[in-house]
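In what follows, subunit A forms one complex with subunit B and a second complex with subunit C.
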Partner chain A sequence: MREREQLLALADDELVIGWRDSEWTGIAPTLEEDVAFSSIAQNEIGHARAVYELLAEDADALAFDRAPEEYRCSPLVELRLLDWAHTIARRYLYEQTDRERIERLMQSDDPVVAGIARKIDREEAYHRMHAELWAERLRDEPRFTQALEELRPYVDGDRATRTPEFAELWDEMTCVRRSAPGAEW
Partner chain B sequence: MVTADQVLAALDEIPDPEIPVISLVELGVVRDVEVDGARVSVTLTPTFLGCPALEAMKHALEEKIASIGGDPDVTVERGDAWTSDSITAAGREKLRAAGFAPPVPREATAPRLVQLQSRAFRCPYCGSADTRLENLFGPTPCRSLRYCESCRQPFEQFKTL
Partner chain C sequence: MPIFEVFRQEKKGQAFQHAGSVDAPDAEFAETWAREQYGRRGESEALWLVPREAVHEVIDFPDEFDLKYRRVDGYSLKARLSVARERAAARTR
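And then the complex of A and B:
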């Protein structure tokens, strides 16, 4: 993948997993996890914004004005997960693969790309610790190990097509932009 | 015409929007102050990329520069210029006095869980190192939650970034 495509895939993944993680705000199983998922979601969407700004003059337009088929996120982040074992399994799998590509981007020949990647890496260190803490806690829990096996194939899934669950997410994520085209926020 | 030192002194009066005990200059997010005639150029570096206060900080810098007769040119630099080591010594002391434990210095590698779960972090209220990690995440991206076993006070620990 060329670097620009890698960056778009990264930004789309961060935007969509940030969106999905934020769905736990207010309803996570413990108050600590409510805070954790809200904070992680905020970070991920911040990473998406920084990368969209590298790729386009208008980051919001790139983030929200595309048709569903133009996004390049992984099917893993698109899934709407309603139970905690699957949610933690996704965070664990996501942080593993996210780490590999961020480490590649930190070696970019483009100093601006490498700088943003280093900044993202600093923040992701806390997401990885959170995922590892939970994976350690749940490692003997069958619901968690089954969720890992179930979700693992999605990690390398096709980025050119959308899962059925993306349509509803896209509709909600872009509805404000679509309701007032060209508005300045 | 203003000098770079005068600009920096004026910007040092701007409180952080989320932790107003510390100024933006003490937080270390203001850098590269340059004066060229009336034009005053400043670089603003976010603490965390998702910081929602970034736009508010940018406007505060522009207003302050204009208030001392400068023509503001504030650039946001999203690379990795800022780390938690960028907080000044005065800023760290003000954080501690307000009940926020300042970040521990960054090492060559990223912080690891085993370090954060250790009891090496001092309570900003009583000074005890008998503290434990409550949550890696806190009310803003830059803070974790810890609990002091000695004075039984929960407190916010600035993350090492």
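And then the complex of A and C:
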């Protein structure tokens, strides 16, 4: 994959997992986890913004004005997950693959790309800590181990096609911008 | 779930001040959650997490006798000063 495509895939992943994880705001298992999980979700969207800004003049347009088929996120992040075991399993799997990708980008010949990757990595260190802590705690919980098995195939899923759940996400995510095309916010 | 008291240092060298608490099953979760609640906006240089049961609380301070002379503010001098002033004025008259 060329670096630009890699960066777009990264930004789309971060935007969509941030969006999905933010669905837990207000309903996470404990208040402390609610605050932490929402904060991590917001960080991911911040990473997406940093990379979109690198790729386009208008980061918002790149983030929200594309058709569903133009996104390049992994099917793993698109899934709408309604239980905590699956949500933590996804975070855990996501952080594992994200780490390899960020480490590659940190070695980029482009100093701007390498710099952004290093910045992202400094925050991801805490996301990994959070994911690993939960994975360790739920290690012997069958609902968690089953969720890991179920979700693992999505990690290397096809980025060129969208899962059925993406349509609804896209519709909601872009509805405000579509309601006022060309508006200055 | 155990409660961890969170103390926050705003700048290097400053005293730690109580910031609040987190309910967490162990110190690792307490750290992760406290980082997000008390450190994500750059508002902390460092945090101390203390299990509440490790805190030795002291709340009982009997003051059965008048021990005001031991306090930094001491006895109120206002009344005595005015008496002394009157006495001094009477003497010069």
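Quick notes on this structure:
Following the convention adopted for this analysis, the second predicted complex is superposed on the first by the 185 of 185 C-alpha atoms of A that agree within 3 Å, B and C clash if a C-alpha of one lies under 4 Å from a C-alpha of the other, contacts with A are read in each partner's own complex, and residues count from 1 in each chain.
To be clear about the criterion, contacts are C-beta pairs under 8 Å (C-beta built on N, C-alpha and C of every residue); 3 or more make two chains touch, one makes a residue touch a chain.
In this text, all values refer to a predicted model and were calculated from it rather than measured experimentally.
Three-chain overlay on subunit A, with subunit B and subunit C in a clash.
In the superposed pair of complexes, A:Arg122 makes contact with subunit B only, with no contact to subunit C. Applying the stated contact rule after C-alpha superposition, one finds that A:Arg137 touches subunit C and leaves subunit B untouched. Of the two partner chains placed around the shared chain by superposition, neither subunit B nor subunit C is touched by A:Arg162. With both structures placed on the common chain, the touch criterion links A:Ile45 to subunit B but leaves subunit C unconnected. Contact comparison for subunit A: of subunit B and subunit C, B touches the greater number of residues. Shared-chain residue A:Ala36: touches subunit B and subunit C both.
Shared contact residues on subunit A (touching subunit B in one structure, subunit C in the other): 32, 35-36, 39-40, 126, 129-130, 133.
Residues 30-33, 35-36, 39-40, 126, 129-130, 133, 137 of subunit A are the ones that touch subunit C when the two sit in their complex. Partner subunit B is touched in their complex by these residues of subunit A: 32, 35-36, 38-40, 42-47, 49-50, 53, 112, 115-116, 118-123, 125-126, 129-130, 132-133. Those residues of subunit B that touch subunit A in the shared complex are 48-52, 78-81, 83, 110-113, 116, 134-141, 145, 159, 161. Residue ranges on subunit C touching subunit A, taken from their complex, read 1, 22-25, 28-29, 32-33, 35-37, 40.
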